[in-house]
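Order of writing sets the chain letters: A, B and C. Residues in each chain are counted from 1.
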Amino acid sequence: MIIKGREFSFLVFALLVVMTIYLMRRGKQSWSVRKIAGLDAIEESIGRATEMGRPVFFTPGGGDVVSGASAVDTMAAVEVLSYVASMTAKYKLKLTVGIRQANTYAVADQTVKEAYVAAGQPDLYSPDIVQFYSPEQFAYAASCVGYFQRERPSAILMLGWFQAEAVMLAEGAAQTGAITVGGMVKFNQLAMMVACCDYILIGEELYVAGAYLSQNKIKLACIRSQDFGKLAAIVAIIVGTLMVSAGNKALVKLFS
Amino acid sequence: MKKALDIRWLYILLFLSIIVPMARPLGLPLKMGTWTKVVWDTLDKLTPNDVLLICPDFNPSIESELGPQRDALIYHLGQKGVKAIFVTFVPQGTQQTKKFITGLEAAGRKYGTDLVDLGFLAGEETALAAFFGDMKKACPKDARGTATADIPLLKNINTARDVKLLIHFAQSLPGTAEYVRQLGPYGITFVECVSTGAMATSVTYVQSKQALGLIAGLQGAAEYEMLNKHLAYATTAMDSQSLAYTVFIGAVIAGNVIYYIERKRARTK
Amino acid sequence: MRREVPVFLGSAAGVVILAAYFINYKPLATLSAELMNWGIIMSAFALCLASVNLVRKHVNQIARKEPVAPFSLALLIVFFGITLAGLFQGQNSAGFTFFYKGILEPVSASFYGMLGFYLLSAAFRTFRARSYEATLLLLSALAVMLGRATIGSLIWEGFPGLAEWFLGTPNAAADRGVLIGASLGLLSSGVRLMLGIDRAYLGSEE
């Protein structure tokens, strides 16, 4: 029944789902996540924007919600956007969301609208909050940097999936003197974001963002299952390395 | 605090380091990299009956790095006389396909029997999965409006498994990781052409043998030109790149020197 | 119902596509392929929706005579020009080629070139050896830069090999570590999305 060669990956996936559901059912128990400075800085940056009366800019990067790894990075960023939108609605701040992909535009627009309605400020929502710039990489980057230069937002949040434009965005943001919070999982440009941004979310800290900000017990339980998966991966790497060094490739064949 | 060094001087230096070698080439030596050699050796073993799948998924912004790679490959593949199917998963990739087809037609290849352009498929990884699984279903017509069932080159080509090798030019989505994921079930040989910035992650897949080889950035294109024994744009532009890298290194060192001097001054105060 | 139906549709589609990847059952594979084709069609519709937002924003900027109105006008002229040329004359037409080769190519390449100046500014401002780890990072970055520039092999012929080692060994190891962690995060996030736990796109939780 299972396609030949995919039995092991099916088993791993099934185990992860079972563990997630088991830990969710134990949701009464609260799992804690270590302090993540980048996520705490989001609230701080919005507070600063409120004091200064300057707008807040958010971009979930260039990822598409229908495409593989970038979909999950983008959805994680959209979760943070929901939180940011509810905060800006609460404090009556101007929010601008810069979007690169059309599918992401639809999701982000809906997210912001729902967040404003939930915060009791439906009148403050406007279709101009979420702006589609261009799917072209540097047209999108130029639009964002142009916005930074013109509007001088006091908080610039760049969380999601980025490519080479990350440098342009991070450095362009840094030059305006805004508080910059960056976050990405993709390895390529992470170093530039770390160098240029005031606060940074590295790797899976972005995936944890939704759970961390909402402190939702079920989401935290899912993060816990992820940690168990990582532990299993570490054990497999150590055991596999020792086995291959001893000339036994059984584990390699299993994972292949 | 007075700035120790105005960044605009460095901008001018960078500009000059790029322009001067273009006007007066320095002829700096280039050392061959292993990854490019593997790609060239593999493509050199191809025969005129082999069918390649070429996916130029890049847009004009990266023309400076992937354009020379494309031109070097056109030269090599034109000499080998192989057949090629083109499909792209980014909108501007269709223009890159046109350049490929123009170059290969100039080398004597014929559209329909040796070359076919299947155009652009929206949907990135979703489109990749659909295309590799059933090419004719994903592309019922080619970019010129002909039914793919009627194209001679595609007669025995239905899935990714039916092609000899895939050459992918990666810039955005879908990137190396997406291709590795979707090609996994088909087990076909796969070569990546990437920019210098994307090299760091693509090397991982070459090392784990999920991708056969890698042509990385302008240097990769220059190395390929050397192997082709047909020096062109990339080789001449390498002088500019080398000097520009030197300016970067100088800027980093200068920045650190200034940092330490200022730190020492602050401590003395 | 307003929240449950979208969650159910999303979960059902995800479960079908995932099941088709693992289970050998032709109708499931056909349904999965069909859903993926629908995804391609929906992407095209989303592009139309986003384009409407873009046009509306720039038309409003022109109507309100904002300082950026001339740039908005230029954008709209090019936007409609290339769209109409592509739709009515085809992508091989002179009109489409003019916009592509005359505007898109040089402007895109110019912005990519500007990246070098942003990188230089960032490198000068932020690449400081503030700590032991930062110094190690800086030295390895310098070694890779020298290895990838021909000038490096003039200084010491071992730099290219050293650069390849840095990229192939420590870099690959770190990348794989991040990749494994990110993949597990991706799996977990996918499971959360399919089970309807993550519903940020539907608004707040309560």
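The rule is short, and it goes like this: a residue touches a chain if its C-beta (ideal position, glycine included) is under 8 Å from a C-beta of that chain, and two chains touch if they have at least 3 such contacts.
This is a predicted model, so every value here is computed, not measured.
The minimal number of chain-to-chain contact steps leading from chain B to chain C is 1. Sorting all chain pairs by how many C-beta pairs they have in contact places A-C at the top. Placing every chain at the mean of its C-alpha atoms, the farthest one from chain A is found to be B.
Here the chain at the heart of the shown protein, by mean C-alpha position, is C.
Centroid to centroid, with C-alpha atoms defining each point, chain B and chain C lie 17 Å apart.
Inter-chain spacing, taken between the CA centroids of chain A and chain B, is 28 Å. In terms of their C-alpha centroids, the spacing between chain A and chain C amounts to 14 Å. Residues of chain C found to touch two or more other chains are 39, 43, 47, 104, 108, 111-112, 119, 121, 125, 127, 175, 179.
For chain A, residues that reach two or more other chains under the stated contact definition are 64, 66, 69, 135-136, 138, 164, 187. For chain B, the set of residues touching two or more other chains reads 59, 61, 92, 123-124, 126, 200-201. Residues of chain C that touch chain A in their complex: 18, 21-25, 39, 42-43, 46-47, 49-51, 53-54, 56-57, 60, 68, 104, 108, 111-112, 114-115, 118-119, 121-122, 125-127, 137, 174-175, 178-193, 195, 197-198, 200-206. Put simply, chain C touches chain B in their complex at residues 33, 36-37, 39-40, 43-44, 47, 91-92, 100, 104-106, 108-109, 111-113, 116-117, 119-121, 123-125, 127-130, 138, 141-142, 145-146, 148-154, 157, 160, 164, 167-168, 171-172, 175-176, 179.
In the complex of the two chains, the chain B residues touching chain A come out as 59, 61, 91-92, 123-126, 171-174, 177-178, 181, 185, 195, 197-198, 200-201.
Remark: chain B residues 5, 7, 10-11, 14, 28-31, 33-34, 59-64, 92, 94-95, 98, 121-124, 126-127, 129-130, 133-134, 137-138, 143, 196, 199-201, 203-204, 207, 217, 219, 238-239, 241-249, 251-252, 254-256, 259 touch chain C in the complex. Against chain C, in their complex, chain A makes its touches with residues 1-4, 6, 9-10, 13, 16-17, 20-21, 24, 64, 66, 69, 72, 75-76, 78-79, 81-82, 86, 99, 102-103, 105-107, 109-111, 113-115, 117-119, 127-128, 130-136, 138-139, 141-142, 150, 164, 167-168, 170-172, 174-175, 185, 187, 191-192, 195-196, 203-204, 207, 210, 214, 216, 218-219, 222-223, 225-226, 229-230, 233.
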